[in-house]
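Some structures are shown below for you to check.
Next come two complexes, and both contain chain A; in the first it sits with chain B, in the second with chain C.
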Partner chain A sequence: MTTEHRQAAPPAKGGAVPRPTTDPSAASRSALQDPKEKRRAERRSRRYRWDIKYSPYAFISPFFLFFAAFGLFPLLYTGWAALHSSSMLTPNDMEWVGFDNFTRLWDDEFFWTALRNTFTIGIISTVPQLLMALGLAHLLNYKLRGSMFYRVAILTPYATSIAAATLVFAMLYGRDYGVINWGLDLIGIDRIDWQAGTWSSQFAVATIVIWRWTGYNTLIYLAAMQAVPNDLYESAALDGASRWKQFIHITLPALRPTILFTVVVSTIGATQLFGEPLLFAGDPSGGTQHQYQTLGLYMYEMGWINRHLGRAAAIAWSMFLLLIVIGLIYWVITRIIGRSTGEED
Partner chain B sequence: MATVNTYPAPEQATTAGGPERGRKVRRNKAGAAGRQMHGGWLTYTILAVFAVGSILPLLFSVIAASHDNARLAEPTPPFWFGDRLFDNLELAWTDANLGTAMFNTLFVAGTITVSTVLFATLAGFAFAKLRFRAKNLLMLMVIGTMMVPPQLTVVPMFMAIAELEWTDQLQAVILPMMVSAFGVFFMRQYLVQALPTELIEAARVDGSNSLRVVWHVVFPAARPAMAVLGMLTFVLAWNEFFWPMIALTQQNPTVQVALTGLGQGYVPDQGVIMAGALLGTLPLLVAFVLFGKQIVGGIMHGALKG
Partner chain C sequence: MRQEDDDVMRNTTRTTSRSRRRATRTVAVGLTAVLATAFLGACSSDDGDDGNGDEDGNITLRIGLFGQFGYEEAGLYDEYMEANPHITIQQDLTSENADYITQLRTRLAQNSGLADIQAVEVGNIAEMTGELSPRWVDFNEYDTDLSHFVPWKVDQATDAEGRVIGLGSDIGPTGICYRVDHFEAAGLPTDREEVSELFAGGWEDYLAVGEDFMANAPDDVAFLDSAGGLFNAVVSAYEERYTNEAGEVVYQESEGVQTAWDLSIQAAEAGITDQQRQFADEWESALANGAFATLPACPAWMLTTIQSHAGDAGAGLWDVARSPAPSNWGGSFIGVTEASEHKEEAVALAEWLTAPEQQAKVFSNAGNFPSSATAQQSDDVQNATNEYYPGVPTGQIFSAAAAEIPSSPIGPNDQIIQESITNGLVTVEQQGNDPESAWDDVVSNLDNALAE
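Then we have the complex of A and B:
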C-alpha cells in the first residue's frame, strides 16, 4: 500500500475547474458582470465537486453490489438456513430446528470421514504440488534453450477442465484396462484397484489436482524468482556458496510472501475439493466406503441427493469455520516466522 | 538485504557500452533480473519429463478417443491412433448435447469475461488513483472476499433460483460471476504503477469529467492488464464446474455439466467419453497453442505484481 500517489494535488476547496484562462482576476470580473455566466460557472464547479466526490464510489459500486448480492448475503443466509430444516424439493419451506443440524453432524460418522479425507487429500495434493513447483521454477530460472516451450507445456493442464481431466485420469487409473495398471503389470507389480482402497483412491484423486495445478504454481514462483536481484547470487557465488546454499539462503527467503500466498490459495482450493472426487467415481458417494468423499462432496450429497438443504448448509458453515481455524493457524505461523527472522510484515 | 541499496540501474548503465555490454542488456531483457547460469543436462531432462507428463494424459485422451469400446477393453491399452476418432466425436457431440453446451459456455464465459474486466478496471482505477473515504478498509474487504468459498453460498443461491424459476437458465450462472475480487486486486496493482497520476491531472485540467478520464486515459493505459485478466477469467469461466452443475441440467448445460452426463450411461463408452473430454477442452487448447506465450507472460506478470 506504500506505492500510492499521495502527492496528487487535491483541487482547491470549492474552487472551479482550473481552466487554461490566464488571468484569474479578469475571469472573475467578467463572471461578476454577467450573472448568467456566473451561474453557469457555479453549476460547473458544483458538478465538478460532485464528480470528484462520488465517482470513486460509482466505480467501485458494481463490485460491492454484486458481492453483496451473490457473496455476502448468501454467506450469512447459509448460516440462517443451517438452523432450519428444509427439503430440496421445496427449498423455500424452512422449519426452525435450532442447532439440530450441527449436533446431527457431530454424531454423523460420514461427516468425520469427509473431514478427515479433505485433510489427507489436501495434504497429499498440496505439499508435493508446491514442492515440485518450487523445484521446477528453480530449474526454469536457469538460462535455457526453449524455456518458453517448457513453460507452455507445463501450463497446459491448467487449460484442462476438472471434468475433462478427471475423465481422462479415471480411465488411466482403470482397474482392468487402465494404462497405469498395465504399466505396473509390466514391471511386475500387482494391479491395484485404485478406486477401492483408501490410500490408493485418495492418491489417485490427488494426482489429478497435482497435474492440473503444478504448472500454474511454477509460473508464480518463477515470476517471484526473477524479481530477485541477480547480484545477490553473484556475491554469494563469490563467497563460495553452492547453488543449493544460494537456493536456501537467497531464493527461499525472497520467495516467502509468494510461498505463503500459494499455500493459502492451495489450502482454500483443497478445502473446496469437489469435482475430482465426484467424477472419479461418477457419483457423489466418494467410493463404496466413502473413502475419498470430501466435505464439498458430502455437502452436495446431503443437499442434492438426500435433499436435506438445511444440513447441507450446516456442512457449509462447518467448512467456513474450518477455513477460519486454518487461517488463524497460518497467521500465527507467519507471526512466528516473522519474529524469528527479525522482520515485521 | 543491504546489497539492494547499492544495486545500480543496469540497463541505463550498459546501453552505451561496447558489444559485450550490449549482450548483457539483451540478456537482462530476456530474463529480467533472473539468474544467468546455464542449465545442465539434468535440468533439461527433469524439465522434459515434466513437460511430457503434462501433455501425455491429453495425448492419451486423443488416442483413446480414436478407438471403440472393445479395443479399449483389451488388457493392453492402445498406443497409436485408431480409426474411430470422428465417429466418437460425432457421438459425443450428439450424446452430450455438446452443441448447445459449447454455445452456452461461450456465451457464459464471454459475458463473464467482459463484465469482470470492465468492473475490475473501474474499481481497480478507483482504488489505485482516486481518493475517497474508507478506501483502505474497502480494499481490505475486497481482498477478504477472495476467501469466501463457493460452497458457502450455494444453498441460498439454489433457494433463490428456485424461487425465481431460474433453474436451467444461463443467467443463474452468469450473474454470480460478474465481478471478481481477484480482478479488482489485479487491476489495482497494475494501475498503481502503469497509470501516471500526472496524466489524470492533465485530463482534469483540460476539463474532463471522471467518465472521460476513464475512457480516454484509464482504459488505454490498462489495456495490457485487461487482456491478461480477460484471458484468465475466460479460462476460469469456461472451466467453472461446481455452481453450473447445481444450477443447470443436462437439457441446457455448459460444457462441464454436459461432460458429467457422458460418464453416466449404463455401459459407458470410454472412447466417446474421451472424445467429449477432448471437445470440451479443445477451444482452450487451441488458444493455448496460439497464445501460450502471452498466457504464460500474463500469469507471471500477475504473480509479480501480486
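Then we have the complex of A and C:
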C-alpha cells in the first residue's frame, strides 16, 4: 500500500490530488480556476487526507475489535460481576453488593494462604528455572556438534501438553508407588508423602514448572547471546579472560534487558499458575489443607466448585491488580537499571 | 513481485491506478468488516447445527454422559437405532463427573451447547431441581411411566413444583467388598455368610474385625482403604446427613455425620487404613496391588471399578458381604434439556433407556444396578452373576441391600461438604493432625465455601 500512496501523490505531474498549500505549481493553479474541477479536486484531496489519516486505523482495527470482544469486555464484565453476589448457576441474577467481595478478601485466610503459596511456588520455580536457562544457553552458545539437536530437544518439554506432563509427574511423586520414593527408598531415605506436606508439595509443583519452561527461556537467552558481537569475546580472550570471566563481564551485561524480560514474563506466569497444581492432585482444593492452592486455583474453586461467581470475579480482579503492581515495580527497576548503566557509560 | 507491480503501475493510466487504489481500499475495509462481524457473529450465535433433521425426518440425538453408563456396552444404542431407523444416537462421554458437571453447569446457565439428553449424578441432582430446574423438560408433561422406579429415586428428581426433571438410570446399594485371600491369610473366615455375620452387629464390629485382621495380616496390607471411605459408608445409612428436609445445611448437628466422623477417626488412629484418597491415582494403584482388604462402602458399580483397576490378576479374589447398614452411594439420572430441538424424540429415548428391560440388560452387561423396582425383581437381575466374581450372587446381594436404603434429603452443597470432611479425615490419617482441630478446619473451610 505504501508504494501506491507514494506514486499516487506526485505533485510534479500536474496533480490529480494536489495539496493546495504545498503545491503552488502553475498547472494546478489553472486547473483550480474551473469551479467544478476545483470542487472535485477538493473532494479528492479531502479523501486523500482521510485515507492517509484513517486507513491505518482500519488496518489495525481487527486486533482492537478482537481485543475489545475477547479481552476488554470479559475484563470489564468480570469487574462488574465482582461487585455483585451471583451464583454460577444463574449468572444473570445479580445482586449489587458494592465492594463487599473485595473487602471480605482481607479477612479471608484462604485467600492469603493462596497468595502466599503463589508467591513461594513462584520463587522456587522461577529462580532456578532462569538460572538453569542462563547456564544452558551459555553452553549451547558454544560451537557444538549437533547443536541443532540440543536446541530442539531443549524445547520439547515446552511443547508437551501441560496435562500429560503433570500426570506423569504426579505418578513420579506418588507416595506408595512413585518412582521418586522408590529411588529414595533404595538409597535408604524415608519415603516422602509429597502431596501431603507444604514444602514437599510446593517443591513438586515447582519442578513441573521448571521442567516445562526452562527450555523456552534457554532459547530466548540463546537468541540474545547470539546477538552479542563476537569481537568482544575475541578481544577478551586475547586479554586472557577465562570463559567464566567472559560470561560475567560480556554475556551478562549484554543480556540484561533480555533477563528482565524473562523475569517479567515468568512472574506473570507464576502469578497465574493453574494447570500444574490443579492436575497434580486432580482437584482445585490444592491439597487437603490447601497447602499448594494458588490464587488461580482458589478462584476456580470459588467459581466452579462453590459456584460463587461474584467472589471468584473479585479474586480474578485482585490478581489483575496484583499484576499491575508487579508491572509497575519492574518498570521502576528498569528505570533505575537504565540510569545506572547510563552513568557507567 | 513488488518490482513487477511497480512496472505495471507505471505503464497504466492514472485513472486505472486510482480506481484500483480505491478498489483495494474498499476491499480492505470491507474484508475487515466482514471478518470482524463474521467472527463475532460466529461466537455469539448458538444454533448448533447438530440435531437438525433433514427432509426425510432423519435426526441425530446427542446424549451427554460421564463415567460408565453401560448403554453402549449393552448394545442399547444399536438396538434403538435399528428399531427407529430415522434416529441416529451420538454419545459424548466425559470420563469424570467432576469435569462433566462443571461443563454441564455452565452450559445450563447459558442454555446453550447442551446435548438432547444429559446425565446428572445423584450428588448434583439438588442443583438441577433447584435453580436450574427450568432448563429441564418435565417428564410429567409427556406422561412418562414413573411407577416402575423406586419411589425415593423419583422424589430426588422432583422439584418444588412437582416437575420431574430426570429419570433414574441406576442406584448404588452397598455391600462390603473384601479380598478373600487376605482374609484367609489373616486367619479370618472367608465364606460370604460368615463374613457378613462378623459385621452384622454394626460398624463397631467392623472396626473390631479390622484390629484382629491387622494383628495377623500379611505385611503392607491394610484392613480398609481410607477413613473417608468408612465415613461415606457410615453416614450414607442415615436419613439426615448434610441437609435436612427443609433444605438447611445441618452437617454440624447431624447425628449421622457425628457418628461417622467418630468411627472414621477411630479407624484412622487405630492405623488400620491404607491412608488413601478414594479414586486418586495412588488409590487405584493400591487397589491393583491389593494393598487393602476391604472397601467398606461397595456399591454395585464399584465392582466394575475394581475389575478395571485390579485387572486379570484380581479376578476371583474379591467377594461381597452384607453391610451392617446398607446405604445408597451414587447412581444417576438422565434428563432432557429444554434446549433440545427434538424433545419429543429425546424423551422417548430416555424413557426407553431407563425402562425395566433395558436397566436389567445394563446390569448384566455393565453392573450398574437398576433404579427400577420392576427391573430389580426381574429374574435377569435376581439371578445375575459376574464372571470376574465367580460364585458371587451379585443380583441377590444388591437387591437385598436396595430394599433397606433410607430415603434421605439431598442438598446442592452435599458434595462440597463431604469433600471437605474427607479432606479433614485425610489430614488426621496422613499427618496425624489432632481430630479436634481437623474438625475445626473442616468447619471454617465450609463456612468460607458455603457463604454467598
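Criterion: the second predicted complex is superposed on the first by the 287 of 345 C-alpha atoms of A that agree within 3 Å, B and C clash if a C-alpha of one lies under 4 Å from a C-alpha of the other, contacts with A are read in each partner's own complex, and residues count from 1 in each chain.
By definition in this document, contacts are C-beta pairs under 8 Å (C-beta built on N, C-alpha and C of every residue); 3 or more make two chains touch, one makes a residue touch a chain.
What you are looking at is a predicted structure, and each value in this text was computed from that prediction instead of being measured.
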Exercise. In the superposed arrangement, does A:152 touch chain B (first), chain C (second), both or neither?
Worked result: first
Problem set entry | Partner chain in contact with A:333 - chain B first, chain C second, else both or neither | neither
For this session: Name the contact category of A:304: first (chain B only), second (chain C only), both, or neither.
Result: both
Exercise. Now for A:66: first (chain B), second (chain C), both, or neither, which partner does it touch?
Worked result: both
For this session: Look at A:325 in the shared chain and tell me whether it touches chain B only, chain C only, both, or neither; answer first, second, both or neither.
Result: neither
Exercise. Who does A:193 touch here: chain B (first), chain C (second), both, or neither?
Worked result: second
Exercise. Which holds for A:56: it touches chain B only (first), chain C only (second), both, or neither?
Worked result: first
For this session: Using the superposition on chain A described above, determine whether A:85 touches chain B (first), chain C (second), both, or neither.
Result: second
Exercise. So, does A:175 touch the first partner chain B, the second partner chain C, both, or neither?
Worked result: second
Exercise. Which residues of chain A are in contact with chain B in one complex and with chain C in the other?
Worked result: 1, 3-4, 7-8, 51, 55, 58-59, 62, 66, 69, 88, 91, 170-171, 176-177, 282, 304
Problem set entry | Complex contact set, residues of chain A against chain C | 1, 3-4, 7-8, 16, 51, 55, 58-59, 61-62, 65-66, 69, 85, 87-91, 108-110, 170-171, 174-177, 193, 196, 281-283, 285, 288-289, 301, 304-308
For this session: Enumerate the contact residues on chain A facing chain B in the complex.
Result: 1, 3-5, 7-11, 17-20, 47-48, 51-53, 55-60, 62-64, 66-67, 69-75, 77-78, 81, 86, 88, 91-92, 132, 135-136, 139-144, 148-165, 167-172, 176-179, 182, 211, 214-216, 219-220, 222-233, 235, 243, 258, 261, 268, 271-272, 274-275, 278-279, 282, 295-296, 299-300, 303-304, 309, 312-313, 316-317, 319-320, 323, 327
Problem set entry | Residues of chain C defined as touching chain A within the complex | 2, 5-6, 9, 14, 17-18, 21, 24-25, 28-29, 32, 35-36, 39-40, 43, 98, 102, 105-106, 108-110, 127, 130-132, 277, 280-282, 285-286, 289, 291, 416, 419, 423-424, 426-427, 430-431, 441, 444-445, 448-452
Problem set entry | chain B residues within the chain A interface of the complex | 3-4, 7, 27, 31-39, 43-44, 46-48, 50-51, 53-55, 57-58, 60-61, 64, 72-77, 119-120, 122-123, 125-132, 135-136, 138, 141-142, 145, 147-160, 162-163, 175-176, 178-179, 181, 184, 192-193, 197, 200-201, 204-207, 209-211, 214, 235, 238-239, 241-242, 245-246, 255-256, 259-260, 262-264, 270, 273-274, 276-278, 280-281, 284-285, 287-288, 292-293, 295-296, 299-301, 303-304, 306
